[in-house]
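First chain written, first letter: the chains are A, B, C and D, and each begins at residue 1.
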Amino acid sequence: MKLNMLYFARLRERFGVAEESVELAGTTVMDLVAQLQARGGVWAEELAAGRSFRVAVNQEIVAPEAALTDNAEIAIFPPVTGG
Amino acid sequence: MKLNMLYFARLRERFGVAEESVELAGTTVMDLVAQLQARGGVWAEELAAGRSFRVAVNQEIVAPEAALTDNAEIAIFPPVTGG
Amino acid sequence: MKIVVQAEVFDLGAEVNAMRQGRTDIGAVASFVGLARDMNEGSGVQAMTLEHYPGMTEKALAALIDEANVRWTLLDVTVIHRVGRLLPGDSIVLVAVASSHRGEAFAACEFIMDALKTRAPFWKKEETAEGERWVDARASDDTAVARWAK
Amino acid sequence: MKIVVQAEVFDLGAEVNAMRQGRTDIGAVASFVGLARDMNEGSGVQAMTLEHYPGMTEKALAALIDEANVRWTLLDVTVIHRVGRLLPGDSIVLVAVASSHRGEAFAACEFIMDALKTRAPFWKKEETAEGERWVDARASDDTAVARWAK
């Protein structure tokens, strides 16, 4: 399925990309994260197990087990620090 | 000893007096309250055991056992309802 | 620290701006405004008159703020309480607390309001369709302030 | 209910007056202003830039307010959060809650701030003498919001 990826804040800067289109082989958030980690470099580093990041699907934060749907808006970002 | 009495709010209205000078035979807040109760009428009624009122000596709320000093400013008033 | 008892209306925005003026160490300002409502104890209130004990009022408010300063690290506190005749919708009381951190600002602001309600010598008399009545102290205010006992 | 994300400064007094306008049923307005400080984590901060996730931000803030409305009886809520570059002393966020009673106004205001800190997608980047740095999330914010778990 095709996913519309967004990256924010420190992760946007580290990845060097604010948005992109990704073709996902799997079905869940975990599958997506694994596919991005497989790119190596900063992707492997920032998305490694134990690193703190959040994933939102269609603008709602979800758990790693969450299922994805075609054309979903997926955002990956660090823990929030507003207020 | 001589005491400068002040009454506020509902008690001022019930007693029909806002301030007065009182010559006290005893030494404590309890003695003073007993002497005022002995006036009878609204004094006996409002200062009866179990009625809710507060006594401040020189602008600090005190317990019935508190000792009084000559020329002290004594205020008697209902529980407060500001804010 | 600013403590004022006044008949005049106060301005929340101006008071908080005065606390912030020229400072860059404040991270949080928690504030509270209490207002006169058109209903109390199930009946309509047309107006209220606030009486106080001049002299003791200011001392009692200063004592509450001193206690708050012992319990929390605060940068500034403003308390303004109105007296005289007020109409529904009018402001009665303002408490504003500045601190480096929000938790302390919130706690101190709520503590000062809870303590003021049971310890500052103000009394309300309401005008209703059935005539005037002195407002009774609420047990819920004693419960609220008891939460802060150490 | 009013939720705004904006670069412009906001006016606490004007926002609270707007909530009160024409009403006589509000007994309490609790409000909070969060400000940019000149110090964080032990080093001087010259400025900060707030980034956010447009679209999700407003949805996340609306969800927090919905939760507050379920937990407490509120008459109105305003949340304004600034984005862009801010200097020490500048306002960052405003939360104002109107209710009939003070306990509910205080609780809802603090809940919304605590929840916003961990759930609304804003990120701060600070400019210090040592260069720029993204602010790390604080464990104390997780602790603060955990207090509200039912």
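For the reader, a short list of remarks on this structure follows.
One rule holds for everything that comes next: contacts are C-beta pairs under 8 Å (C-beta built on N, C-alpha and C of every residue); 3 or more make two chains touch, one makes a residue touch a chain.
Predicted model, so just to flag it, every value in this text is computed and none were measured.
Seen from the C-alpha centroid of chain C, the farthest chain centroid is that of A. Here the spacing of chain A and chain D, counted between their Cα centres, is 26 Å. For this pair, chain B with chain D, the centres built from the Cα atoms lie 48 Å apart.
In chain A, the residues touching two or more other chains are 83.
Those residues of chain D in touch with two or more other chains are numbered 34, 102, 113. Pairs of chains meeting the touch criterion are A-D, B-C, C-D.
Touching chain B in their complex are the following residues of chain C: 34, 50-53, 55-56, 59-60, 81, 92-93, 113, 116-125, 134-138. Residues 11-14, 16-17, 20, 23-39, 88-89, 100, 102-103, 105-106, 109-110, 113, 144 of chain D touch chain C in their complex.
Against chain C, the residues of chain B that register as touching in their complex are 6, 8-10, 13, 52, 56, 59-61, 75, 77-83.
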